[in-house]
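Below are two complexes that have subunit A in common, paired first with subunit B and then with subunit C.
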Partner chain A sequence: MSEIEFLSWVRGPGFQIATIIFIAGVFIRIAEILLLGRKANLAEAKGSEMSSGLRTVLTRSVPDKATFQRSAYTFTAGYIFHLGLFVTIFFYAPHILMFKDVIGISWPSLPSPVVDAFTVVSIIALLVILAHRMSNTVLRFLTTGEDYLVWLVTFLPFITGYIAFHRMWLTSPTLIAMHILSVELLIIVLPFTKLMHSFTFVLSRWYGGAISGYRGVKS
Partner chain B sequence: MSASLEKGINALKEQVDSSVAAFFSSCVHCGVCAEACLFYTETGAPETTPINKTEPLRRIWKSEYTLFGRIGKMLGLTKKVDDQFLTEWETLVYDNCTLCGRCSMVCPVGNDIALMIRKTREGMAAAGHAPEGLIGASKRAVTIGSPMGVKLPALEAQIRHVEKDTGLSVPVDVVGAEYMVLLSSMEIMNFPEFIGAVAKIFKKADVSWTISSEAFEATNSGIQIGVSDIAAELVQRIVDAAEKLQVKTVISPECGHAYMAIRWEGPNLVGKPFNFKVRHITEVLDEFRQNGRLKITGKESQRLTYHDPCQISRRGGVIEQPRNLINMFSDNFVEMPDTGKMNWCCGAGGGVSTNERADEVRLKVFQRKKDQLDEIKPDAIVSACSNCRIYLEEGLEEYNVDIPLMSLTETLAEHLAD
Partner chain C sequence: MNNNEDKTLEEMTRDEKTHDERTLGETLRSQGISRRSFLKFCAATASMMAMSPAMIPKIARALEQARRPSVIWLSFQECTGCTESLTRSHAATIENLIFNTISLDYHHTLQAASGTAAEAAREAAMKENFGKYLLIVDGSIPLDNPGYSTIAGISNVDMLMETAAGAAAIIAVGTCASYGGIPHANPNPTGAVSVTDIIKDKPIINVPGCPPIPVVITGVLTQFLTFGSLPELDDIGRPMAFYGKSIHDRCYRRPFYDKGLFAETFDDEGAKKGWCLYKLGCKGPTTYNACATTKWNNGTSFPIESGHPCLGCSEPDFWDGGGFYKSISMPTENITKTVIYTAAGAAAAGVAIGAINRSRKNKAVASHSKTGIDDLSK
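Let's turn to the complex of A and B:
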């Protein structure tokens, strides 16, 4: 397989297979949550489930001051990494072209050097997150093999993207193919792991907020 | 209760719903909940991390309610729930958690971890892995009518004392009264002044009330141990009494979990909405205040703070009312750091105080409360839960701190104008 053949497989059939597994997997996971259903609350309500749930979906993005201070590393590194992820995925010009190709809509991009800076910061944040996970007593206790797998498949697109952008070591088509392959690996793994939180956090925050809000407590 | 592993697993299965599935699907093992839990902050033991306490429920959810988990189960890859595992988890689920729900307020993905632990207890109890102290209390609650074994004659004797001391009458079994007041065994035995305080305030407020001789116990061991059948039976007794006496409102006394049991879990346990209202005593008193039914004389000038009972504030939604009332009789009220819905638990809720095995860890984690109090150094602490009150007293004594505890209702009664 030549470099170009490799790249076109990754962009073509490879991408299609990964996308199908991703979409079907996410659909199954969300369906099996929602289909379980939940009993209606028979106690006299003090607040609305719907609006309290929606409120918490938003407000839980920001910890209160004392909570932030108690887990400052986790929150800081987590924030930086998620922001970096968002910016690099959605505001890098070639990515936007890809989205336009697949879903037909596009939006303005950020200059490449800006995205590059976000990439570097995200890579650093991910390394800090890994080091923290391996050194903190609680995190080490909670961590399973899946957590390391998930870290790795999240890290690979950043590092391959960075390398491809700077055309380090290998020739460009191979670098881009490696990058796309790493993203395919990420989206294939996503539905089977805790990476699902990228979708289910809306549900869990809503339920948590609804349960609390029903009793009149803003959570 | 005949318990078996099979019953435990079935009980855990019954607890899984869409909220539980969403919670487990979202957990990223970030560890933020540990820092919100006094059992972790004061012991440093990583296994006390709140989300870890839900592991029995997680395993059942994963292997029974997820496609990939079911495939894993067929291939023998999933982690099993067996007696040895549950024995290991028993002390985490019961001794090292008061169901205070502080973890639920900080989880970045919004998981109601306390609810998940409450649900885990249903499986633990059904599998025979509940602490002796709670099993005993639950049995007494069902057979005698009170977890502390307080029978009607004991209440009648206390009522006679109160009537003699105050010169007020304490109505029992009055049909058509507006309010039916429940009491905790703790109040009947240790703080009968509460009954006198209610009699005084309600007389001044000119509202009718009664105690039921058939259902006076407010506490509910069933929800602490995690046996919904027992919890439902205890709630049903109150429902029957309230309907028999045709009261408009049932009042939950100064007891945190009793409020959770009757106000929020009650209708769901018995499977139908109540045809009466349920209010915490401080909600009723605050309503009296708003309607101008409370006339106060003299203000406490000592530095007062309020200890939010978890099940009343964070888990119950009664946060402003106690403060409104305290401000009526105090001109020197100070909030603790991390107050209201973020208050730290006294360490004795959720059945921990009924479980002797947990005494040592309970006193150890009281350090959190002590540190919190050290920051404001109050002259006295007001609370609206007699369980918090008695174990705050015990904790402070253990740590050689001399701060008296006050009941909100009793203190308010003392300040009523003649």
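Let's turn to the complex of A and C:
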């Protein structure tokens, strides 16, 4: 297989396969969760479920002071790389073109050097997170194989993207193909691991907020 | 010493030699090429092929002494664009003369003879120069049915095998001969393959491009004539000297790419300002060719300079990259349909699985028995 064939494969059949698994996985899992249903609450509602739920979806993005102080490391590094993920995925011009092709809409991009800087910071944050996880006794005890897998599939697109952008060591078609392949790996793994939180966080936060809203208390 | 006498003597000897026995230097001189412009050509060739300037006199000496090599040119499933590219230079360049200096013993577009006479010329050249001639091929070879493309009743694959047997080396000119090219594009109706797919036991140099740049051919010929050796090749058989860098690496619009300034359409402000053509489908980042430096039409410009994205014509399967105006980061196939169908299917499956889960839950609830005081006393 020549490198161009490799690139054609990841852009063609590979992308199709990964997309099918990703979409199917995400939809089935969300449908399952929604259809689980909830027991009818017989208590009288003291407030609105919806508004409290929606508010919580946003407010939970800010950690409360006590929680933050307890694990400042995880929070800071975690924040940085989540922000990095957001910026690199959604504001790098070639990525926006991909979204435009798939979902038909596009938006302005950030200059490449800015995205590059976010990538570097995110890579460092991810490494810090891994080091912290491995050096902290309690964290290491709690860590499963899945956690390492999830870390790896998140890290790979960053590092391959960085190398491809700077065209280090290998030739461009191979580098770009490896980057696309790493993203395909990520989206294939996503629905079946805790990475699913990228979708379910909305549901779980809403649910938490809704319970409080129903009871008329602040979430 | 009488210089004049010497010269006359030299000229006399030269005239006595038959056309074919003349060295390249002699031929060039007889065509009125001055030594100065010949050396200039050698210098340009050396720099083009990334050789040190110290090599220039060596190249010059070797080239002057070189005998005209016999060249057989086979055209299979092709459009003659490659031949056009090599022969339609607007001015008589030295590159061109070098090309004219080879003994092109068979080329069914360029030769005067046709039919049996042409085939006889090929056979004679093969016999006379067995093991020494250069074979140039353009066009792909159909394997599905030999009748798809024949010359004088001989199928392409048979002619290639027969002619390759006595070749010192093969140059596959154009993307079709190098990688199958357009005939090989999906769904490849003729079962077209490249020269390397068929010939395994000869040195093969791929000079892809649709069409390839003329000086690349003369560059390879020069090296072959000068050193009797073949240039260093990359992993898909292309001379490194020409295909070692990508279009993107040498593109003058690169600073715009780096800054993230792109033309969105062919006539917007960005296009007028000469911004990067990535969004218009430019394949420069994944295409290895010399266009950005050697340029086309006697060094006038190259496609990106006239505002058109690179098509990636020197790469295998460039025709199947999902469209010339689709950028590299886009999937090649229509993914929107896949997304919609999968989502619909998966939603249905999710509902079904949800229903099963529910009935399981209900069953569990129904079969649930409470532990009473009696159970505890058991």
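We take it that the second predicted complex is superposed on the first by the 217 of 219 C-alpha atoms of A that agree within 3 Å, B and C clash if a C-alpha of one lies under 4 Å from a C-alpha of the other, contacts with A are read in each partner's own complex, and residues count from 1 in each chain.
Keep this in mind: a residue touches a chain if its C-beta (ideal position, glycine included) is under 8 Å from a C-beta of that chain, and two chains touch if they have at least 3 such contacts.
This is a predicted model, so every value here is computed, not measured.
When the two complexes are overlaid on their common chain A, residue A:Val121 makes contact with neither subunit B nor subunit C. In the superposed pair of complexes, A:Leu130 makes contact with neither subunit B nor subunit C.
Looking at the shared chain after the overlay, A:Leu170 reaches neither subunit B nor subunit C. Shared-chain residue A:Lys194: touches subunit B; no touch with subunit C. Look at A:Ile89: by the touch rule set out above, it reaches neither subunit B nor subunit C. In the superposition on chain A, contact of A:Leu34 is made with both subunit B and subunit C.
Residue contacts after overlaying the shared chain place A:Leu42 against subunit B, while subunit C stays out of touching range. Contacts of A:Leu54 after superposition on the shared chain: neither subunit B nor subunit C is touched. When the two complexes are superposed on chain A, the residues of subunit A that touch both subunit B and subunit C are 28-29, 32, 34-37. Taken in their complex, subunit C has these residues touching subunit A: 179, 235-236, 246, 248-249, 257-260, 262, 278-279, 285-286, 288, 312, 315-318, 320-322, 326-333, 335-336, 338-339, 342-343, 345-347, 349-351, 353-355, 357-358.
Only residues 2-5, 7-8, 11-13, 15-16, 19-20, 23-32, 34-37, 93-95, 97-98, 100-104, 109-113, 115, 167, 171-173, 176 of subunit A touch subunit C when the two sit together in their complex.
Across the interface of their complex, subunit B is touched by residues 28-29, 32-39, 41-44, 46-47, 56-57, 60-61, 63-64, 66-67, 70-71, 74-75, 78, 136-144, 147, 192, 194, 196-197, 200-201, 203-209, 211-212, 215-219 of subunit A.
Listed in rising order, the residues of subunit B touching subunit A in the complex are 16-23, 25-32, 34-36, 40, 44, 46-47, 49, 51-52, 65-68, 104-112, 115, 263-268, 271-274, 277-278, 313-319, 337-338, 341-342.
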